[in-house]
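A single structure is presented below for examination.
Residue numbering begins at 1 within each chain, and the chains themselves are lettered A, B, C and D in the order written.
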Amino acid sequence: MTLFIILAVLTVVSSLLVIFQRNVVHSAVALVAALFFIAVLFLTLDAPMIGILQVLVYAGAIMVLFLFVIMLLNPAALEPRQIPWWTLGSAAALLLVFLLMPALLNTVAPRQAAPAGPGFGSPELLGQTLFGSFVLPFEIASVLLLVAIIGAVVLAKKES
Amino acid sequence: MMIDIGIIAAKAFLVLFMVLNLAGVLGWIERKGSALIQDRIGANRASIFGFAGMGLVNTLIADPIKFLTKEDFIPPKGDRFLHTLAPCLALFPALVTFAVIPFGDVLVVAGREIVLQVANVNIGILYIFAMASLSVYGIVIGAWASNNKFSLLGGVRGAAQMVSYEIAMGLSVLGVLMIFGTLELQEIVRAQGGLLGGWLPAWGIFLQPVAFLLFFTAAVAETKRIPFDLPEGESELVAGYHVEYSGAKFLMFFTGEFAEIVTAGALVTTLFFGGWQVPYLMRDGFHLPWGGTLLLPHLVVVLLQVGAFAVKVIFFCWVQILLRWTLPRFRYDQVMRLGWKMLLPVALLNVVVTAVWIVLGERASLRP
Amino acid sequence: MAPLNYYLVLSAVIFAIGVAGVIVRRNVIVILMSVELMLNAVNLTFLAFARSFGSMDGQVIVFFVMTVAAAEAVVGLAIIIALFRHRRSLDPREMQLLKW
Amino acid sequence: MTLLRYIPLFPLAGALLNVFVGRWLGRRAAGLLACAAVGLSFVVSFAIFSLLRATEVLREPLFTWMEVAPLKIEIAFQADALTAVMLLIITGIGLLIHIYSLGYMGHDEGMVRYFAYLNLFIFFMSLLVLADNLLLLFVGWEGVGLCSYLLIGFWYQDHANAIAGNKAFIVNRIGDFGFLLGMLLLFWEMGRQGVWSLSVSELQNITHLLRPERVRLITLLLFIGAAGKSAQIPLYVWLPDAMQGPTPVSALIHAATMVTAGVYMTARLSFLFSMTPETLALIAWIGGLTAFFAATIAVAQNDIKRVLAYSTVSQLGYMFLAVGVGAFSVAIFHLFTHAFFKACLFLSSGSVIHALGGEQDMRKMGGLRRYLPTTYTTYLVATLAISGFPLTAGFFSKDQILWAVHSSPAGSTSLWTLAWLTAGLTAFYMFRQFFLVFHGKCRVDEPALAHIHESPPVMRVPLVLLALGSIFAGWLATPEFMWGSLWEGWLEPVFSAGGVANHAASEDEILFMGVTLAISAFGFLLAFLFRSPENKIAEWLSRSAICRLLAGKYYIDELYDFFFVRPFTASARWLAQICDPGLIDGLVNGVAERVRGGSLLGRQLQSGNVQHYLFAFLAGALALLAYFLGR
């Protein structure tokens, strides 16, 4: 419980930093931190495999890509900050939390904090599920990735 | 309970101590090795009361003092916070990866079984990759925070290079994982204790030679050293991503680099060269394939194993240093081409061939 | 382990932060990062429910979400690069040709 | 026996070949190919003619064209005696004209195109006569109209030719519209009685299902179609203008075959027409009046082909007169003989025009007898035939018509008088032309005179053959007192439904023959007396008002122009210039303008900024959330 609260605070703070830092690189670093903490949160949910994948995929690949692009483009100016628009957006987001809060707090899980079964979250079980009932989505995901690769190459390639 | 925590703390301390010291020693080996190759003497000036210790003094004592007392320079238009954070990010992943690398079998002391591994995680290898993937941040963030075009270029190069070679490295390990059927490093090492055909140790190198070549190449590339030192490349980018670093921060980058060498060596040892396994050494002593048996006490066996692991790691560290002083630097496009057009396809092919081999093997073993 | 509701609330907060980021920031890269934040909030929900139901399905879904997120980030960044080449800007307000 | 399909197939193949590879074949080969195609058709037609027994009907379905529940329309051919005769005319006369064209068009740039059209025409015409159902007949009907348009405007570089082509096409369309309406009405009426069919052979047996007043309307509409195609009052105006095409075309289309389509159609549907005496009476009167009026116009024309054109209209009037009095077989017989002598006349005139290098004005001819001996002879034979000289083809057929008009219960003395006068006029204008062209002083222009020459054999041989036909074709059906009629026995079964078999005593017939001969002789005599343009009386007459009226063709074209064409173009112009831009465009543009006005407001919402959209999206989501959670 303590661990959760610490992690939650860290996650929320770093998430807030993502949107409140005016510098893109700072935002990106804050996001890496947030993702890292979320990965640890995953670990507390008996999902070690997913947690490690989170670090590997998000922190290790996606965010590096972000940083790479940021440095490649190297936008010079800090972005302007318009107070009214910021207020409006933040208010809307706050309203969203406010509206969702009661519903979320009243949600009753069917088996509240049931002890995880043996091997829950292990690579073996994840693999079996993935290649069992989810094999078709898995294959489709591979096609999606292929399409994304080709799309990215085509988009980012300089016209010759 | 307290004892458990104490044991874990002791293991962690031991590992960190060993790694950091090894990194330091590697600095000496590098200097002396390069001097040997280039037919010169190498570091020999610093001395304590006339004792130069073949440069060991230089490396282990004088260098740290020098680094720690130098001015910590931060570029005026740089980013103070990130400039400081970056070296930590560079050193941190290199050190934490050792948490899952087994340096010995089980040590039994007073009826308590101590696994000679800081943390036995069931997804150890993935953990290593996750941590290794984080090591990019030190470079990228440091490069950006320096507000220097050379360092920025180095950072961009480093990011691209490391992401690229991470893929080839992961795919090459996949073959090993398929052979041994586990993600636990301790299990992988234990699986390499068997014998192939009754006499050949079942090490990964014999089962996955292609994977070894790929993995080793990619691992060298990940350490950003010659021939893959494009992010620093002194003749092109002055010193690349750490051009604006000095003092303690530079020391951290420096140590991180050598720690990575050690990590790479340890991983190669663990995955392909039997880890702590000594050929024919069982828990109770040597069982030679041609009939000889030499029983040894438990402690001796454990020490032999730990020693074997250390020797193998140091050997591969030495190989890497040898490479660094032997080969010329690649061009950047050559690096990229090698990563994407050579290593990646070959690694994929290796995975496919391994899969077919395993399936055929299973078929064969199913036959009565 | 903390109760499910706590995770849900945390997830909602992170999601809302992501939403706010997408709306208020004037940099497409940050907008894309905020989207990643939202995706992660949802992932957290999935995992919390997976743990609560004791089912692996939630984890598998997170696996797929990551796949999609990776694809999305890659294509998104490629678009940003292509855009930047033409507009020399990362401000979404500069990218409003698709109207009328 | 599946021979029928080859009759249209050969010309179609010839046409397609000429269209696609004709340019590559060269002009001569293209012409020979076309001739060969029609020749093969003729051979097949002749085979069918000789194989066909009198009462037999060959039927040859090819494939189903369309099938809608009870209605099944097949592409099917059928041949009875009527069809066989028509096929012989079409392919036989057609073949001769094709051969003739080899010479006549030999130097024309567009010869390949010409022969492609010609073959296409033979295809459509044979399709028309072979058709088993009215719809397929209509296809042929429209097809010959198309070919006619193409061939009249063949020399389209000359604007007048293109206009003439348009005129023919448009006037034909009016008739076709009537035909189509009649066909649909017939179809609908039959359908109401539960018979969904357009097949002629099926319709023939169920006409009793139709109500008489409907039959009247149907036949009337069908006759409008026939009048359009066969150039009867009031739709005859296109035929004289159609002489703008090459002369062999005039011979083929506007004399021997296409214009007979209307007669053929009424004959084919005789079972329907016989049911309504009223329509038949109308047809008879229109036919008679057309014959007379066209003959009067022909008297005052100076263009060699125009005279022949009006004579064609006149002769077609005769045929409809025969139809109108119920003498279908006689009408077809006249059609048959007319095909020979009219084709001969046209081709001979073509020969004259050819010899004079394109000159068509008879006032610039004269005395050509010396230069064109063969043409002179054939022209003389054909003129005799059309004038009704004893023992020529025209003599027998015209005599039979006059006799039928007199003897049929549907006929009357006034009709007979009209036809009788027309016979005299025919002899007059034909011999007037004959003398103007071949006798008297030579008035040919100097340059043309230098090049004057008799036509080559390829043109002369068809002329001679047609001239022979002009004499002997009539011998198939002679009066009772000679050797009787082969023809009647041959065609009677086809028209058994409504034929008139009223044979009076042969003395009466001889008497009538004499009376007809007398008026023809009078016409000839008149023409002989006025043969010279310098004749005083003729000169006085030609300046008289009546003659100017005749020369101006009763100003029918001008009347049509005033009453139909101008109001039509004026209203079209009004629609195009006032109504369309003002009302239609105004409506459309007005609607568009209002929409645009609204959109101008609405498009403000579309800022193009993703973040605005996203905010709106979030606001909506929040509203929904508030609604569902607060409920």
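By definition in this document, contacts are C-beta pairs under 8 Å (C-beta built on N, C-alpha and C of every residue); 3 or more make two chains touch, one makes a residue touch a chain.
Keep in mind it's a predicted model, so treat the numbers as computed, not measured.
Enquirer: Which chain wins if you rank chains by how close their C-alpha centre is to the centre of all protein C-alpha atoms?
Expert: Here the chain at the core of the arrangement is C.
Enquirer: Between A-C and A-B, which chain pair is linked by the larger number of C-beta contacts?
Expert: Greater number of contacting C-beta pairs: A-C.
Enquirer: When the C-alpha atoms of subunit B and subunit D are each averaged to a single point, how far apart are the two points in Å?
Expert: About 102 Å, centre to centre.
Enquirer: For subunit A versus subunit C, what separation do you get between their C-alpha means, in angstrom?
Expert: 6
Enquirer: Take the average of all CA coordinates in subunit B, do the same for subunit C, and state the distance between these two points in whole angstrom.
Expert: 34
Enquirer: Taking each chain's centre as its mean C-alpha position, how far apart are subunit A and subunit B in Å?
Expert: So the centre of subunit A lies 29 Å away from the centre of subunit B.
Enquirer: Could you tell me which residues belong to subunit A and also touch two or more other chains?
Expert: Those would be 49, 53, 61, 65, 70, 72, 88-89, 92-93, 96, 100.
Enquirer: Residues of subunit D touching 2+ other chains?
Expert: Residue numbers touching two or more other chains: 615, 618.
Enquirer: What are the residues of subunit B that contact at least two other chains?
Expert: Correct list: empty.
Enquirer: Mind pulling up the subunit B residues that touch subunit A in the complex?
Expert: It comes out as residues 79, 82, 85, 121-123, 126-127, 129-134, 136-137, 140-141, 143-145, 152, 155-156, 159-160, 162-163, 166, 183.
Enquirer: In the complex formed with subunit C, which residues of subunit A make contact?
Expert: Where subunit A meets subunit C, its residues are 1, 4-5, 8, 11-12, 15-16, 18-19, 24, 27-28, 31, 34-35, 38, 41-42, 44-47, 49-50, 53-54, 57-58, 61-62, 65-66, 69-70, 72-73, 75, 79-82, 85-86, 88-90, 92-94, 96-97, 100-101, 104-107, 109-114, 116-117, 120-121, 125-126, 129-130, 133-134, 137-138, 141, 144-145, 147-149, 151-156, 158.
Enquirer: Could you list, by residue number, the parts of subunit C that touch subunit D in their complex?
Expert: Against subunit D, subunit C makes touches at 19, 22-24, 31, 92-93, 95-100.
Enquirer: Please name which positions on subunit D make contact with subunit A in the complex.
Expert: Within the complex, subunit D touches subunit A at residues 615, 618-619, 621-622, 625-626, 629.
Enquirer: Can you list the residues on subunit D that touch subunit C in the complex?
Expert: Counting only subunit D, the residues touching subunit C are 603, 606-611, 614-615, 618.
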